[in-house]
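Look at the two complexes coming up: chain A is in both, with chain B in one and chain C in the other.
Up next is the complex of A and B:
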């Protein structure tokens, strides 16, 4: 039982990170119909920026968090005004934009390698010290923090999309951009807001995970694949379903590596994604975009 | 030096653009950084310069092995050229393979077709070396494997054997030296963990073979993908198997995550590591969780050659670049072995160079315990002599030499 609970704790923490990535995918997808494959690299930027500000510059966590949020904002604006808007205004098809997000991700990785370094670096946890021990299970404070922050963000974003005028308008943009514009919604500004939310959430995911696995330019892809799987399993439609799916994937990954075979763990994650892609598209169409 | 760095950075920026393009086209990118003073056309080697290639990971997860190796090569080239020991200049041409076997084989083709190199230095990852070796030796060019440790890289049955040489001790040498800690301690349940790369899996095979030969049983093993995000299942698998000692044969960053998890669950178990723990990434990510771990090294701090090398290396690249110095030292020695053989072959490549290498000995090598040597002989293409290995540990978050008086034997 203690082994099962220990695995479950890791699975929930790791899965919450996948859920945050899923959230990042969903917010941009809702607003623009674009699947952003740079999500993993955005997470990497969060981790590397945390390493740079916390470990190299020595700012301490309060200032580092502020700094990382600023980085997220700048990155979101760069993404929106340097990539997305110019392509939309030239009438680029969505497939081109998807490829552009892949290129954007590659450039981010290369930039991190050039300007920060190309190995993996350790990052101090927010609360240093011994892990919490509950019965026979030990929990790193950082893992607990991941779960709390991730679910708080999901709650906040759910609130934003369902209870605020801006959020509801943003959903309207996702459902029918022309109709929304005709009704007086400022579409362009709302899409920018969607980019800011998506990038910030993902970057925070990187900041949270860095103390557990270190920060490095190549860290994003493996996490992003699972986050994408979570988004697809969540139906590409709902913020909390993506999060629940992320946690489910984290749990399956941990439990199957222990009870089935550790060597097959990555295969299992890809198999889940494969099944999700094969089985899910019908559901995405049915459900449409809603929060 | 600043100019060199600038040049390197500029070239790398170009390479990045290439990479982005190449990735879409689905072909293997090859980013090159040529040392300063390289002929712009890169075509025919002038009679004054000898071109030596290096294929290794300069970006990506293994760069913390590949870049220190490159720096070791560069420093050796700089020292040899400055000393005037050879009547020609050596020029190093580095191509990035990102530790990807496919890209590594493509890089090898490029070394042959475009770079006109006389010999190729193999990188730190065994998988890519296995992939690029047939291309290099198939073209009649000598390959000197610097850091990659898989036993199978030197195989008398392989067609490229005559032209392939390994400077580093291999997995079996490493494991054979490390086993004395397990023998001394009389553990009841020995377990091993490794990643699924060529390094990890061939290491696991070497562990099982060598331990069986010494009458020890490896009771349980666990594997994981490289750059794993969480190793809780692996740690719990070994804990629940009742292991009282673990042979940790993973690359630095995964080994660090493993040790952090061992600490987190409060498991008191003896862990002895493989040579990849010399990576800076291990130290950086593991923090206190790495303290007390013992692992093999090639650096003997009591040896003057090692002291001088470390001083020169730190002055040029900084103390954090390769804090354990294992990888850069092997790279440094490789260039000196190659230079001695080139001198002997009259700067002739191919079989003539291989014949010369087969008679080359480096007595004042940087790597290896005091009194050991790196030497190739006819029919023996593995350089380290007996008693080559030293052992290091981590004390208060820093690399520190643990023992340089334990015997080690060529397999």
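Up next is the complex of A and C:
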């Protein structure tokens, strides 16, 4: 039983990261209809930036957090103005947009490999010290932090999309861009805001997960695939459903790698994504067509 | 979105002279003959090796061009079929003692069979989601190659020494087989796309609903394209296994699927020649630009982004636009340029 609980705790922490990826993914998807395949690499940038600022420069966490958020802003603006907007204004078809996000991710990975090095680096946790012990289960403070921050972010994003004018306008952009523009919504600026939110959330995910699994240029894909799966299982719609699905995937991954086979655990995660895609209701699939 | 429509139309292979022999036809014949005969006048084994690399990448890229460029189905899992081709052929020959030619046929058929099986669920999803689905497929196959160690040899892979399995006669002539297969694959894709069925593929890409309304059997043709693409990728895998004489999971992973994608984008997504041009670029440039060394991936990524932004038709599309631009100089101003 205690093994089970122990695994469940790790699963929920890891799953919250998947949920954050799903969240970042859905924000861009809803604003623009674009599926961003670079999401995992953005998370990688967050983790690597944390490693550089914290371990190499030695800034300490408060400054590192500020620095990483600056990196996220710059990255979001680069992504939006250097790649996304020029491609949209050239009328690029879906295929090209997908490939562009893949190539963007590839560039990020290659740059990290070239300038920092292709190994896995350890990153100190935010709160050093012994793990909390509850009954027979020991919980790492970082895991706890991940869950708290991830859910706080989901809450904040939910608040933004439902209670603020900007957030509601952003949803309007996603539903019908032309009608939103006619109603006086500044579409282009809102899409930029969506990019900033998405990239920042993802990069924070990378910062949170780095102490748990290390930071390395190749870390993105495996996490991103589970994030995509979470978004799809959550119905590609609400942010909290994606988060719940992410936690479920984290749990399944942890439990299956212990009770079934650690070698086949990734296959199970990929199969979940495949099945979720194939079995998702037509309503959800159609929503992808408007892009 | 009228701009989108115009753009896709411009990227279409030119079809004006369909039915008549274009002068290009004889150029293609001559070039094909030249490619097949390449091993007889290239003396350097190093250069010949690179040409075979190019040929294998080209066949793989042709499979993706057919699926992605011509039919608009995004596949991020092309390496899965490549792996099935290579591993089936190698396992049949090394573990079961099946003669090479039979093993090759079985491997290619199996590649097509996997494509058929996988197309049934994949027909339900489109666009971005199809890309995700094929990505998952590629990752599943990649993981299985590592984990099914008793069959696949795990990370160490399987060695298949050339002379032992092909015989000396065939081993010596293997370059001809590789380049000959490339020419055959090229003509297969060429004739397919010039056939009415190929026109139907373009219609599937540009307007699936319209294609269905015109009576094109959308599901059947998509399945067919996946199968031909899977078969071509498996063929490339078969050749790759004998070319390198060893198969390991590293050569069939997500990175390979992405590399094929880069080849197709660099060469030109909707051009069969683009597959070959892209393969030449991706094989020869690292050899010439040795100083790039570790920055290779970064440079290729940036080149691909630049091509997507400024030259969506790839190298071949760019050259084509340049020449047709010259030809149209004196004609009236083109409306699509103005828009």
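Here, the second predicted complex is superposed on the first by the 282 of 291 C-alpha atoms of A that agree within 3 Å, B and C clash if a C-alpha of one lies under 4 Å from a C-alpha of the other, contacts with A are read in each partner's own complex, and residues count from 1 in each chain.
Keep this in mind: a contact is a pair of C-beta atoms (placed from the backbone, for glycine too) under 8 Å apart; a residue touches a chain by one contact, two chains touch by 3 or more.
For clarity, every value in this text was computed on a predicted model and none was experimentally measured.
**Q** Which holds for A:7: it touches chain B only (first), chain C only (second), both, or neither?
**A** first
**Q** Determine, under the contact definition given at the top, whether A:99 touches first (chain B), second (chain C), both, or neither.
**A** Both partners, chain B and chain C.
**Q** Where does A:213 make contact in the superposed view: on chain B (first), on chain C (second), on both, or on neither?
**A** In the superposition, A:213 contacts chain B only.
**Q** Figure out whether A:110 sits in contact with chain B (first) or chain C (second), or with both, or with neither.
**A** both
**Q** Report for A:133: first if it touches chain B alone, second if chain C alone, otherwise both or neither.
**A** So A:133 only meets chain B here.
**Q** Between chain B (first) and chain C (second), which does A:258 come into contact with in this model arrangement: first, second, both, or neither?
**A** first
**Q** If we overlay the two complexes on their shared chain A, which of chain B and chain C does A:25 touch? Say first, second, both or neither.
**A** Neither: A:25 stays clear of chain B and chain C.
**Q** Counting only touches as set out at the top, which of chain B and chain C does A:122 meet: first, second, both, neither?
**A** The first partner, chain B, only.
**Q** Would you sort A:160 into first (chain B), second (chain C), both or neither based on which partner it touches?
**A** neither
**Q** Which residues form the common part of the chain A surface touched by chain B and by chain C?
**A** After superposing on chain A, chain A residues 99, 102-103, 106-107, 110-111, 113-114, 263, 266 contact both chain B and chain C.
**Q** Where on chain B is chain A touching in the complex?
**A** Residues 9, 12-13, 16, 19-20, 23-24, 58-61, 63-64, 67, 196, 222-225, 227, 229-230, 232-234, 236-237, 240, 252-253, 256-257, 260, 264-266, 279-281, 283-287 of chain B touch chain A in their complex.
**Q** Looking at the complex, which residues from chain A come into contact with chain B?
**A** 3, 6-7, 10, 14, 99, 102-103, 106-107, 110-111, 113-114, 118-122, 124, 131, 133, 138, 140, 209, 212-214, 216-219, 222-223, 253-255, 257-258, 262-263, 265-266
**Q** Along chain C, where are the residues that touch chain A in the complex?
**A** Per the stated touch rule, the residues are 1, 3-4, 6-8, 68, 72, 74, 76, 121-122, 124-129, 131-133, 135-137, 139-140, 143-144, 147, 254, 258, 261-262, 265, 269, 294-295, 297-298, 300-302, 304-305, 308-309, 312.
**Q** Quick check on the complex: what are the chain A residues that touch chain C?
**A** 34-35, 37, 83, 86-87, 90-96, 98-100, 102-104, 106-107, 109-111, 113-114, 221, 225, 228, 232, 263-264, 266-267, 270-271, 273-274, 277-278, 280, 285, 288-289, 291
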